[in-house]
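In what comes next, chain A is part of two complexes: it sits with chain B in the first one and with chain C in the second one.
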Partner chain A sequence: DALLGCHRSYRSRPTHGIGKFKYLLPKEAPKTRKGKVQMKEIDTGTEYQYGDVNIQMTSYDLCLVEHFAQYVHRLCNRLSIRVNESYAMPTKTNEVLFMEERGSKMQLDAVLTTHQRVVQIRSLSSTFAPILLEVIQSSQPEGVHLLMKQHTEADFKSRLKSRPELEELLAEMS
Partner chain B sequence: SAAAPRPWRLFGAMCLLRLPRITQPLEKVEEEMAALMEQIELEKSHYSDHEIRKLEEEEQLKRKKESLYDEDEARGKAVIMAQDLEEKWEQKFLQFKAAPRITDADKRNDRTSLSRKLDSNLMLLVKQKIGNQELWLLPQVEWQPGETLRSTAERAMATFLGDHIQAKVLGNAPYGIYKYKFPRAIRTENNVGAKVFFFKAFLQSSDLSQAELKADYLWVTKKELGDYLKSEYLKKVNRFLLD
Partner chain C sequence: LMLCYFSSCSSWLPQRVPLQGSHWQSSLLQLRTSLPVRAQPKKKKKVDVRKEQAQKDRMKKKLKKLEKAPPELIPIEDFIAPLKYSESNRVRSLPALSPEESERRVLLLKKWCLFKQKQDEAEKKAIKALVESQQEALKELRLECEELYEAAIRRDEGLFPFERDGPSYTPPLPGYDPPEGKCVDITKVYTQ
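What follows is the complex of A and B.
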């Protein structure tokens, strides 16, 4: 109790500021509000390591895709592969219209939603990569498309929303 | 000792895999679990739009039958009832015919066709003549100095299946190695034995329209490998095969 008690050290006393410790810690860089720029990419150099690799899973069935993404994430954890991020791309809705041309033209609608999950992996050694690919491919569920590719700027930019007003103002200025 | 005291002859072999097309059937425990989870989810879930609409229309019909309300008829909402939609969908579903899981090739047990076991990996085995014997092996070809082992394996694939196969070779590193010494009769100073390096590749397309050259070939699952391969060879090959 004595430790938790509130002892106010007065400013005139020599014990003023006795509990301060933050000045001892190393300075942290201030957090930028913009989305963080991508990390450097290591290509297959002398170390035979892939840089950032994206595993993209797309399907119409939401539960299936999410569970598969979870499974891949856990698999990488167990195999001690570093997972940078595991995020979801926005879902795309497709409307399917049937045009029956027997007699009256009827339009039957069906609404399909396509979901996409991405698991980003770092520092994958090139001797291990084909084994990982084979394991994931053999445990792929039905109806799920798998795509493994290296992370590029275009992939990073596709997650960000474009701001048309800002672009207009920039165009007016220049 | 000198540079190459016991030179071994090097071979590159290709293990061509055809990936499974269908998932394997669930085990009993898995099936029971899946049924239980479905039941729990069904009981916990809320009604969807379609079901709410259906219930409302049923109530309207009941009310109409018991006491004729003119208000409901005056609205003239439902041109197409939810029940009709359901019946239409059911009819469409009955028209849909799924492809069979057990194909003809399964029934005939024809091991040369690719459409055999659709739920497991199939591997290519070829009959090759080594020394005096004709053995069933993964297609292999001798390494020539100046080319990588991976290209040797690709050449092996090409000699047995023709040039234009869409196969994706996995990585530059071999998956396994089998070495054996020649019998004493053939052994010379320079040729003690042979080492075979295995590479893996996935078959992308399922059409093999190019005629298979000379030798007999088989597409075999992992369990059936034991029927054809020798025990030592089989042991080394089994090490890098996933089921």
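What follows is the complex of A and C.
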């Protein structure tokens, strides 16, 4: 046990550095602390493949849109389409007011919440894209609005909090 | 002796340039032009430049500090359960099920599982058929004409963005007059 425990390396001897192997392994990417929000590189895709595509599902009904998002995710897994991310966009709340028949006052009708789920896929082949579209359309439930578009930086920025102080300072500086 | 000296000086004043007001004014026309005053303005410039520099440094420091903080994602309200559902102690007491009822439910579940399995299999079959027919068509096209095959393989730029509304239970009512109203967006705005 004592023989195994000692790792004295004589720098002049040829056995110096024996047992080291980490320098042979490929360099790992720096570990992000606590999942720092950093934008992943957006893939534009080649001529025969679409890059990052966002499948956005919007609806007033939360359970329906969540289940549909799960279904789309599982479908992509089954068809071996790489899914980058599957996230939710912030909820939007709308107050619907309507004018009474007799009178000029606006009356509160309802408070509606709009939910949106996004499934981001990568390297979708150009021949398979219409088939996937067809399958998703055929299983689209009522009241769920489907939108498929390329992923852009603006889409990523819309998920982040706005920083008015930083923007003000930047405007003042320039 | 001194008095007479002063009186002679006052009489000796040149009549050509009558001085008006203070002895610093040399011209009749403009009031503002005066002999250059050396002391005050330079001091002002120095202080201004220094103040501006200090302000700029402060702003740069602030900017650095703000930029250091990483951007945060907007919290999603769907995933945060409101407190009122976790605080209360009310528990639902379900009635006991009769054996016939539980039997019926289990059989219904099995039927539903079978139905869903059939649906899923039909979907898989449909996808397979679509892919196969597409591949066959492309093979035939390749044999026919290479150029058209290449053009067909390429990606369609007009495909995205693709938008589609979900189907509705009933078609829209003809001649429906909706009441006047408006939608107000009351989403909470989060700032960092």
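Rule of thumb we're sticking to: the second predicted complex is superposed on the first by the 124 of 174 C-alpha atoms of A that agree within 3 Å, B and C clash if a C-alpha of one lies under 4 Å from a C-alpha of the other, contacts with A are read in each partner's own complex, and residues count from 1 in each chain.
By definition in this document, a contact is a pair of C-beta atoms (placed from the backbone, for glycine too) under 8 Å apart; a residue touches a chain by one contact, two chains touch by 3 or more.
What you see is a predicted model, and the numbers here were worked out from it, not measured in a lab.
**Student:** Chain B or chain C: which reaches more residues on chain A?
**Tutor:** After superposition, C is the partner touching more of chain A.
**Student:** Going by the contact rule set out at the top, does A:E28 touch chain B (first), chain C (second), both, or neither?
**Tutor:** After superposition on chain A, A:E28 lies in contact with neither partner.
**Student:** Report for A:L160: first if it touches chain B alone, second if chain C alone, otherwise both or neither.
**Tutor:** The answer is second: A:L160 touches chain C but not chain B.
**Student:** Touch check for A:Q49: first (chain B), second (chain C), both, or neither?
**Tutor:** Only chain C is touched by A:Q49; chain B is not.
**Student:** Which partner does A:D109 contact after superposing on A: first (chain B), second (chain C), both, neither?
**Tutor:** In the superposition, A:D109 touches chain C alone.
**Student:** With both complexes superposed on chain A, which partner does A:M148 reach: first (chain B), second (chain C), both or neither?
**Tutor:** Second partner only.
**Student:** Does any part of chain A touch chain B in one structure and chain C in the other, and if so which residues?
**Tutor:** In chain A, positions 126-127, 129-130, 133-135, 137, 141-142 sit in both the chain B and chain C interfaces.
**Student:** Sort out for me which residues of chain C touch chain A in the complex.
**Tutor:** 59-60, 62-63, 66-67, 70-79, 123, 126-127, 130-131, 134, 138, 153-156, 159-169, 179-192
**Student:** Considering only the defined contacts, which chain B positions touch chain A in the complex?
**Tutor:** The touching residues are 19-20, 22-23, 121, 170-173, 200, 202, 242.
**Student:** Using the touch rule from the top, collect the residues of chain A that touch chain B in their complex.
**Tutor:** Interface residues on chain A, with respect to chain B: 126-127, 129-130, 133-135, 137-138, 141-142.
**Student:** Please give the residue numbers of chain A that touch chain C in the complex, ascending.
**Tutor:** Touch residues, chain A against chain C: 36-38, 45, 47-50, 53, 59, 62, 79, 88-99, 101, 106, 109, 111, 113, 115, 126-131, 133-135, 137, 139-150, 159-166, 169-170, 172-173.
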